[in-house]
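Before anything else, here is the set of structures, which you'll find just below.
Note that chain A is present in both complexes that follow, paired respectively with chain B and with chain C.
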Partner chain A sequence: MLQLLLNGVVSGLLVALPAIALSLTYGVLNFPNFAIGSMITMGAYIALFFNVDIGVPLLLAAGLGAVGLACVALIADRLVYRPLRNSDHVTLLVASMGVYFVLENVVRFLWGSDIRGYDIAVARPHRWLGLRVNNEQITILIVALLAMVAVWFILMKTPLGRAMRAVSDNPDLAGVRGINRNRVIGAVWGISGVLAGFAGVLVGMDGVIDPLMGWNYVLPVFAAVILGGIGNPFGAVIGAILIGVAEELSTLILPTTYRQAVAFLIIVLVLLLRPHGLFGKARISR
Partner chain B sequence: MSNPILTVSKLRAGYGSGGDIIKGAGFSVSQGAISTIVGPNGAGKSTLIKSLVGLLTPRDGTITLNGKDVTQLDAPAKARAGLGYVPQEHNVFRNMTIGENMTLAYEFIARETKGLKAARDRVFDIFPDLAHRAGDMAGNLSGGQRQMLAFGCALMPDPSLLLLDEPSAGLSPKYVAEMFQAVKAVNQAGVSILMIEQNVKEAMVISETAIVLVAGQVRAHMPALDFLNHPDIHALYMGTADVAAAGSV
Partner chain C sequence: MIGYFTAILIFVIISALIGLALNLQWGQAGMVNFGIFGFFAVGAYVAGLAAMAGVPTLIAALLAVVATVILSALVALVSARLREDYLAIATLAFAEAVRLFLLNETWLTGGANGLPGIPRPLSKVASGLNYELLFLGLSITAFALCFAFAQLLTVSPFGRVLRALREDDLVASTLGKTTLSFRVRAFAAGGAIIGVAGSLHAFYFTYIDPTQFGAFVTAYAFMAVIAGGRGSNIGLLIGAVSVMVLLEGTRFLKDFMPFLDAGQAASLRLILIGVGLILLLIYRPQGFVSEYRLQAKQGRE
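Right, the complex of A and B next:
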């Protein structure tokens, strides 16, 4: 049971990074970025390129992957989302679906569809209080927590964070306070790209790398964001951990192939019982 | 009349593909004055003020601030050019503390933080209630307190012209009086003010000029006292009075 809880928390932290990214983009741009799945995949592959094809150590490759994905996100914003900036959220959601398929197929074109993995040494898991903890889980724990602290610091303690919260709360008022919305949006895409990029590397470390790896995370990520309260990055972290633990504990009574159904069930239940999530504010219209 | 701080000429503005709501409006605000825009519902007062602050791009005409053409500038650029704005509603960031609201109101317009403390102290002198509540969330404030905070935030970067959209709307009588006192105090400190106001008589008492806006056009622009003493103030307000008889500035 404790082992399942630990595994659930680690799985949840894997979901937490893209969930924060999704929440940030929703908060500022007011649309759910469906392309988050292929952003995870693309981040994993950019790091794979540096790690396996160039021979850069994985830690540095992960950083390069994250920065590379931030650039990809900024390009997608410039080419796709900015021209649609004043469109309604359904149009933007559909556009993000298009971006999803473009990125996934760019990955297939550049790196093929074979299953691949990072150049990391295989090591025995550590034993601690009867629990098995492997190096990948420790890495996920450290990187995810560091990323969350960094996001918290940026959002709560820096002018950029204040600007992001201001644009998310009231874009017109933010404008008359001197905040350039397009610059804030650029920063949000950059941060989201970095988070999704690191998430891609961590997912790749935890399992395998293939063009559909991000797709498997779309449902849990959306479930985490909805559970935590749409547009609330800190709620998304709690939502992600709860989803991870719920998925892991479900294996006690269900075959593992039904894990994703748990996330789907949580989405349905939250939307029915508490549509604004655990930490979101109830609102009639945005 | 002293040199105008704001000159609006033949301004046209509207939303999307709809027709013009502001139809060639023109007026000016004198340096150091309080001017009040009045007019019936649907006259285009809020649309006019949105065009002035850059939330709506004018379709035609010019807006000159301190002698500089700012017509096509967006809201952040107009704020940096010296235009402060207090919206009628949704005028503070509810998910931030009072202190954060004030910091944010300063840092992106001044683009430095050295003068932040002095700016805060200046605003706390005008609104002392804000000083000991800096850590409170803005969303927890009452309507009157929120309006004071919004006013204070607009003053943080020391604007040369302040636009107020119905500053007394929804306030209790106690706060209405305080608000007009604050408007007067801020003006005496050297800030020119242009406001839209439904409490016409109270607003005119502290104003130098009245601008009557009807159906997107300026029907009269006159000394505030003349407006108050007009024999048919209601007809004047509704734009049906003889404007020539009412006079203009």
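Right, the complex of A and C next:
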């Protein structure tokens, strides 16, 4: 039981990074970025390229993957989202689906569809108070917590973060107060890219790397964001951890192949019972 | 060569049907359905399973329609009150749940191996190329019926209410229109058309597996609707044909670029789908044909 709880928290933290990214872009740009799945995939592959093909240590490769993905996100913003800045959110939504297709298939085009893995030594799990903890889980824990602290710091303690929160709350008012919207949006995409990039590497370390790896995270990530309340990055973290734990505990009563269905169930329940999520503002029903 | 063209035409008809359904759900009623591929899969599997169980093919297709209508109505009932982007997430989640079910309930759906050997309608009447042409005739008939159905809904008072709800549901409900009931019925009507598309798909290919029902189905449908002009059924037809011609055209990419392997060529096609979708949204969001209006003076809302 405790073991399941631990596994759940760790896999929840894995979901938390892209969930923060999604929540930030959702809050500032006001559309759900369906490309988040393929951003995770692409981050994992960029790091794979540096780690396996060039032979850089994984830690450095992960950093390069995150930076690389931030660049990809900025390019996507410049080429796709900026020309559509004044479109309604459905247009942006459909556009993000287009971006999803492009990114996932660029990955397939460049690296093929085979299952790959990073160049890391397989280590025996540690035993600690009767719990099994493996190295990947410890890495996930550390990286995810560091990333969250960094995001919290940027959002709450820097002028840039204040500008982001202002644009998210009320873009017009923020504009009147002289906040440069495009710069804020650029920063949001950059941060999202870094988060999704690290998430990709962690997912790749935890499991396998293939072009569909990110797609499998789309539902849990969306479920986490909805559960936590749209546009609330810290709610998204809580949502992600709850979903991780729920998925892990579901294996007690459901076949493991239906783990992902838990996310679906949570989405349906939240939308039915409390559509603005646990910590969100009530503004989504029409 | 004729065989190739018949096959292409049947593809076009199946994808145009899906586009028609989306045009009703999203174009008219403003309900974003990202989970079309899930409903499409349900239609195909119900038709396939029923036909394999010995049910006459027409009844099997009807069963498929009934299944997709019920599921669509249920999904709409749960989520029709939500804003578009939430509806998109909810429908996508539904489609993923369908995919999980298809992959895991091997006893029923064959899992990843799929369902082989689905019987075809009227397979005793003709064979070979003649049968292909017969099937094309059947598909055209089915399409004509669905198109008439969609067009009838569009020009009827029902369609007008849908568009009113899409533009401003507060005004429409003040005028005494029950938002939820109209939305659920519109979504279910779209579901019926997707059921027809699913059955045609199952009967034509005689083999179905979960990989045939991916998110790309949704992307095709959105491209067809956006290219044609949201809300216009005639436009949708033009959109669906041009999207399909473009996609089929990209099959020949491989001939110009022999250095690509099969996987790379396939992914290049999907990249083009994504790029095409984005370019349409940026440069031609209003599509080729504008929506049906009682006074057809100006296009575009």
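The definition used in the following text is that the second predicted complex is superposed on the first by the 283 of 286 C-alpha atoms of A that agree within 3 Å, B and C clash if a C-alpha of one lies under 4 Å from a C-alpha of the other, contacts with A are read in each partner's own complex, and residues count from 1 in each chain.
Rule of thumb we're sticking to: a contact is a pair of C-beta atoms (placed from the backbone, for glycine too) under 8 Å apart; a residue touches a chain by one contact, two chains touch by 3 or more.
Quick caveat: nothing in here was measured; it's all calculated off a predicted structure.
Record, for the superposition on chain A, whether partners chain B and chain C clash or fit.
They fit: once the shared chain is superposed, the two partners occupy separate space.
In the overlay, answer first, second, both or neither for which of chain B and chain C A:R116 touches.
The answer is neither, since A:R116 touches no partner chain.
A:P83 contacts which: chain B (first), chain C (second), both, neither?
So A:P83 only meets chain C here.
Which partner, once the models are overlaid, touches more of chain A's residues, chain C or chain B?
Larger number of chain A residues touched: C.
I'd like to know which partner A:A163 touches here: chain B for first, chain C for second, both or neither.
The first partner, chain B, only.
In the overlay, answer first, second, both or neither for which of chain B and chain C A:H276 touches.
Neither: A:H276 stays clear of chain B and chain C.
Considering only the touch criterion stated at the top, classify A:N180 as touching first (chain B), second (chain C), both, or neither.
first
Considering only C-alpha centres, what angle arises at chain A between the directions to chain B and chain C, nearest 10 degrees?
90
Just to be sure I read the superposition right, which of the two partners does A:D172 touch: chain B = first, chain C = second, or both, or neither?
After superposition on chain A, A:D172 lies in contact with chain B alone.
Taking the superposed arrangement, what is the smallest distance in Å from a C-alpha atom of chain B to one of chain C?
Closest C-alpha pair between chain B and chain C: 11 Å.
What part of chain A is shared between its chain B contacts and its chain C contacts?
none
For chain C, which residues count as touching chain A in their complex?
32, 34, 78-79, 81-86, 88-90, 92-94, 96-97, 100, 103-104, 169, 215-216, 218-219, 222, 226, 263-264, 266-268, 270-271, 273-278, 281-282, 285
For chain A, which residues are in contact with chain C within the complex?
31-32, 34, 80, 83-84, 87, 89-91, 93-95, 97-102, 104-106, 108-109, 112-113, 215, 218-219, 222-223, 226, 255, 257-258, 260-261, 263-264, 267-268, 271-272, 275, 284-286
Per the contact definition, I'd like the list of chain A residues that touch chain B in the complex.
Counting only chain A, the residues touching chain B are 159, 162-163, 165-166, 169-170, 172-173, 175-180.
List the residues on chain B that touch chain A in their complex, please.
53-55, 74-76, 78-80, 85, 87, 90-96, 100, 103-105, 107-109, 153, 157
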